[in-house]
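The chains carry the letters A, B, C and D, assigned in the order they are written, with residues numbered from 1 in each.
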Amino acid sequence: MSILVGNGTRLAIQGITGHEGMFHTQQMIEYGTPVVAGVTPGKGGEWVHGVPVFDTVREAVNTTGANTSIIYVPAPFASDAIMEAADAGIQLIVCVTEGIPVLDMVRVCHFLDGTDARLIGPNCPGIITPGEAKVGIMPGHIHLPGPVGLVSRSGTLTYEVVQALTDRGLGQSTAVGIGGDPIIGTTFIDMLRLFESDPMTGHVVLIGEIGGSDEERAAQFIAAEISKPVTAFIAGRTAPPGQRMGHAGAIIEGSEGTAQEKIATLEAVGIGVASYPAEVADLVAERM
Amino acid sequence: MSILVGNGTRLAIQGITGHEGMFHTQQMIEYGTPVVAGVTPGKGGEWVHGVPVFDTVREAVNTTGANTSIIYVPAPFASDAIMEAADAGIQLIVCVTEGIPVLDMVRVCHFLDGTDARLIGPNCPGIITPGEAKVGIMPGHIHLPGPVGLVSRSGTLTYEVVQALTDRGLGQSTAVGIGGDPIIGTTFIDMLRLFESDPMTGHVVLIGEIGGSDEERAAQFIAAEISKPVTAFIAGRTAPPGQRMGHAGAIIEGSEGTAQEKIATLEAVGIGVASYPAEVADLVAERM
Amino acid sequence: MKLHEFQSKRILAGFGVPIPQGDVAPTPAEAGQIAQRLGGPVVVKAQVLVGGRGKAGGIRLAADAGEAEQVASQILRMTIKGISVNTVLIDQAADIREEIYMGITLDRANRKPAMIVSPQGGVEIEQVAKDTPEQIFKLMIDPMLGLMDYQIRNLAFDLGLPRVVIRQFTTIGRALYRVFIQSDDTLTEINPLVITSDERLLAVDGKIVLDDNALFRHRDLGELRDVQRQSEAERQARQAGISYVKLDGKIGCMVNGAGLAMATMDVISLYGGQPANFLDIGGGAKADRVAAALRIILSDPNVKSVLFNIFGGITRCDEVARGIVTALNEIEPQVPMVARLVGLNEEEGQQILADAEMATATSLVEAAQTAVELASG
Amino acid sequence: MKLHEFQSKRILAGFGVPIPQGDVAPTPAEAGQIAQRLGGPVVVKAQVLVGGRGKAGGIRLAADAGEAEQVASQILRMTIKGISVNTVLIDQAADIREEIYMGITLDRANRKPAMIVSPQGGVEIEQVAKDTPEQIFKLMIDPMLGLMDYQIRNLAFDLGLPRVVIRQFTTIGRALYRVFIQSDDTLTEINPLVITSDERLLAVDGKIVLDDNALFRHRDLGELRDVQRQSEAERQARQAGISYVKLDGKIGCMVNGAGLAMATMDVISLYGGQPANFLDIGGGAKADRVAAALRIILSDPNVKSVLFNIFGGITRCDEVARGIVTALNEIEPQVPMVARLVGLNEEEGQQILADAEMATATSLVEAAQTAVELASG
């Protein structure tokens, strides 16, 4: 089995009765994801695309055995939804919501430290194991099962790279968007560790961007712990300092978080860094 | 060696320049306690009874190797002093201060959960290993080295029992006042565990009072885990419900926390409960 | 420190909890004016800091302003559990469909605040816990994270509340926790929290107990203390920093240390007497404090003898004895007394007391027996 | 969202941080009046949301009200880093003995707030960190427990502050953390925090950066946004929910997704061009948003060509193309454009654009190359 999501996934959708929740519920069901429950407080008893809706995650878990959840809840309520899921025993929580206050995420991460739950996101496209399950908002049809594990801070940029891989016949074991916020649940290093121990993954693609130092830490981790080949792309070489580039986390502060620094650190430990997104596929192909 | 304090103690006194701190510093030095440092922010560089004063516990620990501290700091600042001590690496913290807000203690206990430090108190007389070291405010001269381990929620009531034991020639291994507040660091169960594994302790005396259910939990723990004989006294058989009896923790709430309930629970697991303080010594003597 | 219902509800309202419109009045005429202003039926409620007001007839409905004035005049003449009613609260009567309970208290064993809710509101929660424990839902609150909305929602669904009130319930739960934390409470309670027939939630009664130890950071709340309703003895004790609780017996006692004071009461009882009070004079035993404590004890006309039980410890007993003698000379008490002093120089101390014609004892048991004898003599 | 110095200092003062007496003025005359009122020497400071005001001459001392008015009139005519100065702050001049730095920011790697202090105040802290890292003291704050007094005291002793100011320093540190938490900041900074010659601490300059994502719970703070000083393009982008950052190049770009938008800029640069902006139109690509984005891009006179890079994903490309055509018809842009559409029905989408006489490309590299050619053509 691939990592995090697959045939064993039993998905609950938090915020299923909202516009986005409804739309993606249908998309995920069409992709073959086992969607077992929806949650919207006050709407328990309704049905959305054949999925039963519950008032609380606790009730959804107790009734349907949900083990994974995806959150389409507006930002002011999203951190509460994450903690509710973890408290109810959900093991993997994917939070799509953009715009959660950063201090809310500080609190959420502290809360999650005391539980077994893993959070992906927020402000992320989610996770897909091509051919098995899609827990996210990415276009399923561009993916192809295969050996490349992909982890990224972006959405459409990831699709761009996936498309390039698929076009070359390079399928993906699992592709994960970890989110564009300054504070996120699962980091590059967490994903690298999972890919390293996943027998279905033969090559790892890491897509980073300006802001913070997660890529630099990932580079050190790769040098020390990862035996599989890694290829990277870093967005934002032309980004000016001190300006937020769309993502809350994509900002060069002082001299910290530049693409140049990240690329240099990755290259210093022998990781191939593509100069444009589609080149990732070329670099991966060279080393397969 | 006896438990918690002894020849290995290196004591720092927080609030050493205050009236109470100064007085008891002298008392503890006279008893033979190794007092190595005092702490009062803003008074670093002064000396009290030959003890050097530092501005911070961190500095006191770094300079003198203090491993134990006792706190004579006014209630509004005491919780900060406890956390400062734990953060500086102090292993055993005795807090004498009375009147600390209970929500401050909730915070302190949570903080201490993440450290190796043990807190005794607050609102307690401290701890003494007769003949070795006294870290507290109890009268040293009434104590006698010997086999009885004593743990109590009170101050003078403990002295009363100690005096009765000493008068009968029953010495004490270690005597600890764990404090009269609703939320305290070290509980009866913690102390029972230490006495159980202490080869110097042959008999345990537990002195409880109305309020909470620590004595009831201790009774269950004794039944399950303690092989040494235990004798108890519970104060407050005549206390009315709903009224705070001096100690913040000594209050019968609804029907919870009565002396009758505590005595019944202790007796139900075979523990002898004295009807007046001095009778504790009789009961101990009977079983020695 | 307990707050009155009207004080508690005002605080709750300040944090966004909906309460009935109303106001307090010290006289029937003012009660009538408030009822007039509110219009429609009102509830007239005695403001006393004891439980069981309802059973005692201290809470009554009035159909209009005239009846409100009349009912208020009756309630303002009442004495409930020994406390005379000086103030009534006039609240707009609510149209009640259901009564629930919501409270936050400190769970000592878990060292955390806990929220308790029950569909059985309007009665004492301890009674519900005893009779129908399955009707009690308890939630531990992580004191560092605080109370989360989803936790309150889970409680709402535990209670099976109608959907339309769940958002209000969550808002009120959040407010209750903020009150608990921000005013340093040991109990913050809405009982009953009612669902009205037009599906609104309303805190019809509220109770706040403040942590005395935290009053130093809540001057404003400390000022809510009901000085008028305190006994003179309680007032003096507080002023002198003495812990004092009046009881019903005949033997006054003055002890240093709370545990020893309770044990002293117990021993008096063990030997057939009844303590007239709990009193802890605290550390040391200076003459002025002894005098203050003695005045407080003797202000109770039931007291027939007084027992001093002082474990000197580090303090020298001769000093303590001199303090006692000074106080005795000042007050010249008319009841017999027995003193037991232990600590450094205890013989010398006992001699000083004996010279002052005070009975002395060496053990607590002996002192208690003497005090019992003196009280019945 | 950055706040002005005077706004930041007012917020800090509201939490008990001592700041110099002063006020803001939009005209030299008012500046003079404020200086008159304050008496003595004052500092006149340009209120612009860019760094390096001091070096640019935007902060100047004035000995009296007359000089203040004169200096203000000079500063109010200035343009600092492209921003014209509309307001000056007139502060009472402080008698400075030492300048220290105190700031709280979010440590992303540790997921915690961190307090940073340094004895090197009055200069950019990043510079201090680079040049003399041993002069930086950093403290991680447990977000659940908050900042403890002893931690602030430890920092005070790390800094070797004079004893007499340590209590003030602790109070200010506590206040700074409260501001950080209660207004949801990503940076709360006092720089310099000065020790005056009479041994008081004074926040001579302050800076607050708010978390944009948290503005929904701080309506009052959101209103502090300096609308006047924003470019029209920024204002429109915010209104349309579009992320837009103006840059200095000639090639405008419109992309869906922030990462892809950055990558698009990078590829333009890789092929010898220079992006005129970062622009993320967000999910979908409805005609009205495309039109708004296009207007924003074209409001920059430097733009010589525009690149559309839309990865449709789940959205159908023919729909996106029709949206673009509708927008083009409405705006009738005069610069050449190239579009690259990927996703469902991408051939159909490209056909629609080609029919509208727009250049199309299948890969990002091809699109970038075309855009560069178009811009230099």
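The working rule: a residue touches a chain if its C-beta (ideal position, glycine included) is under 8 Å from a C-beta of that chain, and two chains touch if they have at least 3 such contacts.
Here the structure is a predicted model, which means the values were calculated and not measured.
A.B. asks: Could you name all chains that are in contact with subunit A and with subunit D at the same time?
C.D. replies: Looking at subunit D and subunit A together, the chains touching each of them are C.
A.B. asks: Moving step by step between touching chains, how few steps can get you from subunit A to subunit B?
C.D. replies: Minimum number of steps from subunit A to subunit B: 2.
A.B. asks: I want to compare two interfaces, B-C and A-C. Which one has more contacting C-beta pairs?
C.D. replies: Between A-C and B-C, contacts are more numerous in B-C.
A.B. asks: Using the average of all C-alpha atoms in each chain as its centre, how far is it in Å between subunit B and subunit C?
C.D. replies: That gives a centre separation of 28 Å.
A.B. asks: Rounded to the nearest whole Å, what is the centre-to-centre distance of subunit B and subunit D, using the mean of the C-alpha atoms as each centre?
C.D. replies: 55
A.B. asks: Which subunit B residues sit where two or more other chains touch them?
C.D. replies: Touching at least two other chains: 107, 110.
A.B. asks: What are the residues of subunit C that contact at least two other chains?
C.D. replies: Where subunit C meets two or more other chains at a single residue, that happens at 144-145.
A.B. asks: Touch graph of the chains shown: is it line, ring, star, complete or other?
C.D. replies: other
A.B. asks: For this entry, which pairs of chains touch?
C.D. replies: Applying the touch criterion to every chain pair yields A-C, A-D, B-C, B-D, C-D.
A.B. asks: Report the residues of subunit C in contact with subunit A in the complex, numbered from low to high.
C.D. replies: Answer in residue numbers: 142, 144-145, 148-151, 153-154, 157, 163, 166-167.
A.B. asks: Which stretch or stretches of subunit B touch subunit D in the complex?
C.D. replies: Within the complex, subunit B contacts subunit D at residues 41-42, 44, 55-59, 77, 80-81, 83-84, 87, 107, 110-111.
A.B. asks: Given the complex with subunit C, which residues does subunit B contribute to the contact?
C.D. replies: So the residues of subunit B touching subunit C come out as 27, 75-76, 99-107, 109-110, 137-139, 141-142, 152-160, 163, 180, 182-183, 207, 209-210, 212-214, 217, 233, 235-240, 243-250, 254-255, 259, 275-278.
A.B. asks: Applying the document's contact rule, which stretches of subunit C touch subunit B when the two form their complex?
C.D. replies: Those in contact with subunit B are residues 106, 108-109, 111-113, 124, 126, 129-130, 143-144, 181, 184, 186, 211-214, 216-217, 243, 245, 247, 255-263, 265-270, 274-275, 278, 280, 311-314, 342-344, 363-365.
A.B. asks: Give every residue of subunit D touching subunit C within the complex, in rising order.
C.D. replies: My answer: residues 144-145.
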